[in-house]
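Given below, in the form of structure tokens, are the structures.
Shared chain: chain A. Partners: chain B in the first complex, chain C in the second.
Let's look at the complex of A and B:
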């Protein structure tokens, strides 16, 4: 196996987002591309990441492999890679080799971990409400709401998408009209989510290639949040907070 | 490799061995909780390791089709970590809208208390109070938790699993794994586990990978961790040529220098074959022993550096070449002897103390000078009885001198003591 890429920043940032949710991940390297699917320890958030082989400059693979790694280490290593990234496997040993090619050549060996994860299923939910918008709009909305509370109410009412939060007497409401969205499949929907998770997920907006966010909503249903770019897709599911009122 | 403990984890509560009443209450409580009738909002399963606490919680979630959200001791459990990992699981709904429910499992809560997990227990408390889902806590020792914490939970005790029940499980697993095992060997593993089913299964797996277990394979089972660490230290000292490596072995070992000294001097002759090497090694060991003796006598711990360097580097550099062979290092004879003679030494100490009170000498002098003398005097039963009465020896003390007629001597001595005029008897006879 040998993968080469000069688009290091995107991969690093994606992994940085995922590491907020899980410590260990299993990276699947298959003929079509690489993927990660993982659930956070509290079982309330799920991430599904795909990067097609076209996103790499070189994609050589003899047989599909599953690499379970400590993601924090991989992220730290990726941050130190300059110019060109090469990912290899050490023959006969459970070691992932990450090389940085350029004026200075660097080599990192990262041991693989025994995988214990059973396969995860993506929740099969039919969403009636789907809003697509610029990911920076989404990120700002989350940043604004998190000033006030710990939970955000995300709802679609009429021709607008609302983010709101309150704590004590403090209230914040963000309204994004249909005209400012890329697509808008409406049906009134309302759910509450933890901002702690949303904040981590919104960081994806910093990745230039993933500039569109697609939110799928229901009434007290999980949030499906999808960021899609050329050959790359990052999908989150987040469990709602069901309020007694 | 899949651990057998995981592979054979029971899927139903009824598959668990031991603690039937506890298990029944566990499933009853979960239903009460779901119906909003539970008096306590959390269950605290407590009991020794390997008694089935974790398995019970897992089997319960499997049986009810609930999602199990668990944290264990290997995770960081500061206030923030607990809130993040467990708190959200307790307050947020499931990712799967058709989920029947969740069980929140927190392992080793008694380990959270007091460790570096500052505020962790308070966070757990908060979660219990606000959780919409049943919370199950596991602890080895429920009584080490604060009382107000315990008051939030219903306590369910898990007892050690009976040896015969452990044996039955081992037999079943051995059969399914195709391990040919001696009945006697399995029975030893079962009793050795002391009610800890998990460790019994782990032992079975580590011994059974060859497909066959006989009684003679069991010796490795009884090796304690500390012995393992000593073996490593010894091998490092004996095999290395470098002073630094030898000293390192010494410092990394948990044992005190005196213990290590005994291990080294016991095992050098097994390792070093050339008599010159051995002589050199013992030369350094004898020097080390002198320093150890001075440390003991004068409590002059500054000398420890010399003692430990001599016994580690000294021994390491004594060899002309490295011996490439495997040696099963032996337990020091000195310790074995001390253990064997402990009862006798204690008895001598007691006797010497009694003599020292009467004869106004130190107990050391009593042991070295008086006891041999008494040994001769005790050959005469009459004298022996008088002396026993005088020193206040009990039958066990007398047995030390005269094992055969101890009972008789003791009886006579009792009579003499009763007749002897003491201030009290004098009083009663006068008035």
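Let's look at the complex of A and C:
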């Protein structure tokens, strides 16, 4: 197996988002591309990441492999990679080799971990309400709500998407009209979500190539949050909170 | 999971050093002797026991009866295994504390290795941190007039959760446990107090054990040594019950 890429920043930032949720992940390297599916320890959030082989400069794979790694270590290593990233497996050993092929050649050996993971399923929900918008709008709305409360109420009412939160006497409401969205499949819907998780997910907006966020919403249903870029997709599911309105 | 009956010392060595084994929990049932050298010296002659080696290096030797291990090493050791003739040897050394334990098996009945998946642990650990932070933010939870100076105060025996001073300026150490503390928590507090007295030549020091609930026997032991305790339960900021789990929407 040998993967090469010069788009190091995107991969590093995606992994940085995932490591906020979970420490250890199983990276699947298959003929179509690489993927990670993981759930946080509290079983409240799920992340599903896919990067097709076309996103890589080189993608050589003899047979599909599953690599379980300590994601924190991988993120720290990726941050030190310059110019060209090469990922391979050490011959005959359970070691992942990450090379940095710049003016200075760096080699990092990371041991693979025995996987204790069961296979995860994506919630099979049909959403009637789907809004696509610039991910920076989403990130700002989350930032605005998190200075006030612990959880955010996300709703679609009429022709607008609302984010709101409250604490004691303080209330904040953000309204994004459908004209300011990329697409708007409306159906009134409302659910509440923990801002702790939403803040981590909103950090994806920092990744320049993933600038479109697609929110799928229901009434007291999980939030489906999708970010798509060139040959890359990052998908989150976040279980709702049950709040007295 | 790997499990083998009656492996030879060489075979046992192959198994424990096999791939991915560093993350496994290792269970060895058999006849062994245990030598320990540290602050005390002890030798336990051959007998049938269960030895547990955890992925963080903690080693426990359990006899057929009694809740507590007859000997143990805390996390942080890097156990080394050897096959020496007819013996399978485990050496667990803590160089910093100059503690050394050697277990020699002259017969292994069962050797089992398994990587344990235990996500539940992570959340609970968070709660212990919360109790420590709550005390730091609100020292009056312990006593009026208390001032917290430091979290994770290092001593020779380990890290004290909280270090501060009371209203009279007398040094205070606080050890926080999230579950039910056992006698070992009292010994832990004892070592910290001894370390502090040795280092600062100050005899006057107050020691507290804090936990949501403290068994009567532990309270008695604390009192005997002149230590104090507080039973403190934290109510989480937002009720965990309000947050649903994704599993509700995943069909199995």
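Convention: the second predicted complex is superposed on the first by the 243 of 245 C-alpha atoms of A that agree within 3 Å, B and C clash if a C-alpha of one lies under 4 Å from a C-alpha of the other, contacts with A are read in each partner's own complex, and residues count from 1 in each chain.
The rule is simple: contacts are C-beta pairs under 8 Å (C-beta built on N, C-alpha and C of every residue); 3 or more make two chains touch, one makes a residue touch a chain.
Note that this is a predicted model, so its numbers are computed, not measured.
In this superposed model built on chain A, chain B and chain C take up the same space, so to speak, and clash. Touch criterion not met for A:236: it reaches neither chain B nor chain C.
When chain B and chain C are set side by side, the one touching more residues of chain A is C.
Within the superposed three-chain model, A:113 lies in touch with chain C and out of touch with chain B [touch as defined at top]. Contacts of A:15 after superposition on the shared chain: neither chain B nor chain C is touched. By the touch criterion stated above, A:42 is placed in contact with chain B and with chain C alike.
Once the two complexes are laid over each other on the shared chain, residue contacts for A:227 go to neither chain B nor chain C.
Once the two complexes are laid over each other on the shared chain, residue contacts for A:163 go to neither chain B nor chain C.
In the superposed pair of complexes, A:138 makes contact with neither chain B nor chain C. Common to the chain B and chain C interfaces on chain A are residues 39, 41-46, 123, 125, 194, 221-222, 237-242. Contact residues on chain B toward chain A in their complex (touch as defined above): 67, 69, 71, 75, 84-89, 91-97, 102, 132. Interface of chain A with chain C (complex): residues 39, 41-46, 94, 111-118, 121-125, 150-151, 194, 221-222, 237-243. Those residues of chain C that touch chain A in the shared complex are 19-20, 22-24, 115-117, 119-120, 122-123, 237-238, 241-252.
On the side of chain A, the complex with chain B involves touching residues 39, 41-46, 123, 125, 194, 196-197, 220-222, 237-242.
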